[in-house]
Amino acid sequence: MEDFVYFFSFQDPNVAMVVAGITLLSISAAMVGTFTFLDKKALLGDAISHAVLPGVCLAFMFAGSKNPYWIVLGAFITGAISTYAIEWISNSTKLKEDTVIAAVLSVFFGIGILLLTQLQQTGDAALSGLDHFLFGNAISIVYEDLMVYGILALLVIICILVFYKEFKLIIFNPSFAESVGLPVKRLKLLFNTLLVMAVVTGIQAIGVVLMAALLITPPAAARFWSNRLHVILMLAVLFAVLSGIAGAFISFAVPHMPTGPWVVMAISFIAFASFFFAGKKGILSKWYNQRNYQQKIHRDHILKSLFQALEKNSKTLEKDEIMEYFPGKEKLTRTYISKLEQENKIELEGEKLKLTPSGLVEAKRVVRLHRLWELYLAQYLNLAPDHVHDMAEKMEHLLTPELEAKLDASLDYPTQDPHHSKIPRDNDL
Amino acid sequence: MITQVQKPVLEVHDLTVSYGRNPVLWNIDFTLPKGSLAGIIGPNGAGKSSLIKAIMGLLEINNGYIKVFDQGLNEVRKKISYVPQRESVDWDFPASALDIVQMGTYHKLGLFRRPGKAEKALALDCLKKVGMEKYRDRQISELSGGQQQRVFIARALAQQAEIYFMDEPFAGVDISTENMIVDLLKDMTAEGKTVIVVHHDIHSAPKYFDWIIMLNMYLVASGPTEKVLTEALLEKTFGGKLSLLSDAAQLIKEKGFNPLKS
Amino acid sequence: MTFDVNAFLIILTGTLIAISCGLLGSFLILRNMAMIGDAISHAVLPGIVLAFFFSGQREGIAIIIGAGLLGILATIIIDYLSNKVKLQNDASIGVTFTWLFAIGIILITVFAGQIDLDQDCVLYGEIAYIPLDLIVTENNTILGPRVLWIAVINVILVLLYVGFMYKELKLTSFDRQFAQTIGFSTSFINLSLMGMVSYTTVSSFEAVGAILVLALLVVPPATAYLLTKKLKPMLLLTILIGFLTSLIGYYLAYFIDGSIAGAMASVSGLFLLVAIVYVTLQKRTSRKPIAMPTELKA
């Protein structure tokens, strides 16, 4: 708790600096990531983030120290080469894109590991910091780092905002973008440059191995809350910043904890929560709707059975008779009978059930929809009368009042279904 | 205009099929006599491919059933052959024409057994029937579109089935291949085999098929060619969708789950 | 030059691992599932760490089964996310494996000191120490390096798997729908392949690390795919490239004093580059420019 207060009061200028840095890089990664995600190129970010490792090592060899300028430059160069290599190989050979991504990713990373281990063998003291590029260590960010990575991130953010409209267009409708005279090729080049830059800004705080998560997971989570680009973008940024700061805090509070994995844990948590609980698209609401629908079907069937009894001139049905209609579902049936009674759709007279006037209206509607759909299948789809029942049984719960009206009109307000049963209307008995 | 037959080789009963949450076929119900060469025609998005995919068990069935030789699909798989659309596979796959045709013998081999001499001879014979014996060792990506289609037909022949389902076998092939395939199919049906073909060209349909199935998300017509190929039925098939079916499909798509499933 | 036993043992182990990975990887790339291989190789990490922790040892079936199951679990999660949750496929892969890998890294840090496993080993293994870690029986007979034996068992099982399932793997890779219509259980065949990839990843983990396994899974088969026209030659060439990668990789690492696994990945990349250049040059000389407008456009 003490740590928590200390960290979030930002009284320590170092903490403030780390938070500022991680916030900027999370924003830039989430923004770029949203576009690559929507362009279905999410895994490209994974390849680039692995591919910056050899650049980092080469820069270190060249500069002889952990100089952020050289490191950023080196990382950018090999990252850009990998992006170009992926595009070139996919276009000029029969290799499929995902094979190319996997190959480029692993080979570049292999070269990086070879160089890194070579550097470690030489036993340079300053090297202890180089390890941090693998899994990230936000706490080790110093003022000079913040300047380099922060400015880079700011640059990415500004570019995305400036070219927001253009990027949106080349992702959703590249051929249209070309036809209205946008320089699609140059814009794509710019975007790829921003993508590599966004990856590079994260390597010290998050690490090359897991940087991809900060590009992929925030938009994946945000996608479940909205269909509109600017909302997705803002949510992705929000999620990324929250997880970035959470990760930084944990690696601050718990000694030796690398930042990257904790950022990924936080963002993954948000993502899985979104997959399950997000408004309309979440799994949970789908389950809930599906269950509700199953229950509506059961309810409709109870009403229908009472109406059919009425058609056979028996105003009531024994509770046991209804139970027999739904073998194996006795408990559910009992629940629904009492529910329908509470809603005043049916009346209970001892063990006998009877439709109330409002229950009758509802029951009629279910039967009417069933028979209208049967008639529709027979008339428009040329089906024999003995083939129409099964689908009508499904459609009777589904059709909306608007569709009912349309159906009725296209059948010219019929009175009989294909089996010559009467189609019940509200105003008859 | 739906002609039902006695003792059909194929019975499709009240079939409703969805692609995920999107209903693509409504209440398809027809029967097909043995030895017919049947064409499935209809506009784009009418569900032609979906129909044969559903028959082959590749799509989920929401309602109804299918019987081939009066049995369920799993009992008669060995008697059924399926030719997918040519574009559905990656022709860069490292295999020769002969390799692909041999795949037509796999269903008889069972688990773990490799094709032997007999299978190879059969595959060669089938390649010969489609005029491709010269190209037996050619890598499949080096074949033209028509030649690739011939290889697919040869693979189907190697299955030695009784009933064949072919998805757009004439799409993107040269005219001599098209003629060759048609002749071959006519020979096959003369021998008592049944062939069902998804076809996109309405003009050649009467020349090729003796039975026509007209689809437009629902079954417009099914019967002998001369009886169903009428102006009125063509208008119904190609003249736009039934708006109530489209509305209902839209309703289902918005549900987030498929209410037709149960 | 004298015969160096250590070098021989390391190259042999590297070759065996490259063969196991390459054979399975060939089918991965033919199914466009290379990135699933990437996901599996990352995802087994938490399984390995937990199995290390609970069994308290490196050898043993527990690790292989525990971590292997996690690899399969990862493919199931990816499948669930893309088919049930309706998240697009590439993002499903990305979300799943970064999450599982992060769990693995955190577990390693938490258990640091309690298990003999560190972050570096995760990334690039320690194939160089193979000759030092020997199996010694009770009566002091030395049976050779432990990791070599693990690789031998692995390669035998992979060869048996590919041998017995050759026809099924080939057909389902080429034409899944057709395979399904003739009654093949495509989902079972797919899951068995994922299981073998997981097992091989775990088994090779100590020698080459989690990420470089991917290089051996994907790069030699991709190279062979470019240079051959049939499946059998492709598999044989993959094996040859695997051997050369191990051989040259060892000496490269020796020469610049770096990680052998990293060197193997680099060498495999070099082979791929040569193959790509060769194929593109050949295309340019054999075909007139008019014949390739689609490629030029892209």
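So that you can tell them apart, the chains are marked A, B and C in the order they are listed, and the count of residues begins at 1 in each.
Just so it is clear, contacts are C-beta pairs under 8 Å (C-beta built on N, C-alpha and C of every residue); 3 or more make two chains touch, one makes a residue touch a chain.
These numbers come from a predicted model, not from an experiment.
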_Closest chain to the overall C-alpha centroid, by per-chain C-alpha centroid: which is it?_
A
_My parser should flag the chain pair with the most contacts; which pair should that be?_
A-C
*With chain centres taken as the means of their Cα atoms, state the distance from subunit A to subunit C in Å.*
30
*Whole-Å gap between the CA centroids of subunit A and subunit B*: 36
_Chain centre separation in whole Å, for subunit C relative to subunit B (CA means)_ = 39
*Multi-partner residues of subunit A (at least 2 other chains)*: 94, 96, 281
*Identify all positions of subunit B at which a residue touches two or more other chains, and write them in rising order.*
90
*Among the residues of subunit C, pick out those that touch two or more other chains and give their numbers.*
32, 225
*subunit A touches which residues of subunit C in the complex?*
29, 32-35, 37-38, 81, 84-88, 90-91, 93-95, 98-99, 101-103, 105-106, 109, 112, 119, 123-124, 211-212, 214-215, 217-219, 222, 225-226, 252-253, 256-259, 261-266, 268-269, 272, 276, 279-280, 283, 295, 298
*If you look only at subunit C, which of its residues touch subunit B in the complex?*
30, 32, 164-168, 170-171, 173-175, 177-178, 180-184, 225, 228-231, 233-234
_Could you list, by residue number, the parts of subunit B that touch subunit C in their complex?_
53, 56-58, 74, 77, 80, 82, 84, 88-90, 93-96, 99-100, 103, 106-107, 109, 111-115, 139, 155, 159
*Can you list the residues on subunit B that touch subunit A in the complex?*
1-2, 13-14, 16, 26-27, 29, 62-64, 90, 92, 141, 218-220, 242-244, 247-248, 251-252, 255-257, 259-260, 262
*For subunit A, which residues count as touching subunit C in their complex?*
37, 40-43, 45-46, 50, 89, 91-96, 98-103, 105-118, 121, 131, 134-135, 209-210, 212-213, 216-217, 219-220, 223, 256-258, 260-262, 264-265, 268, 271, 275, 281, 283
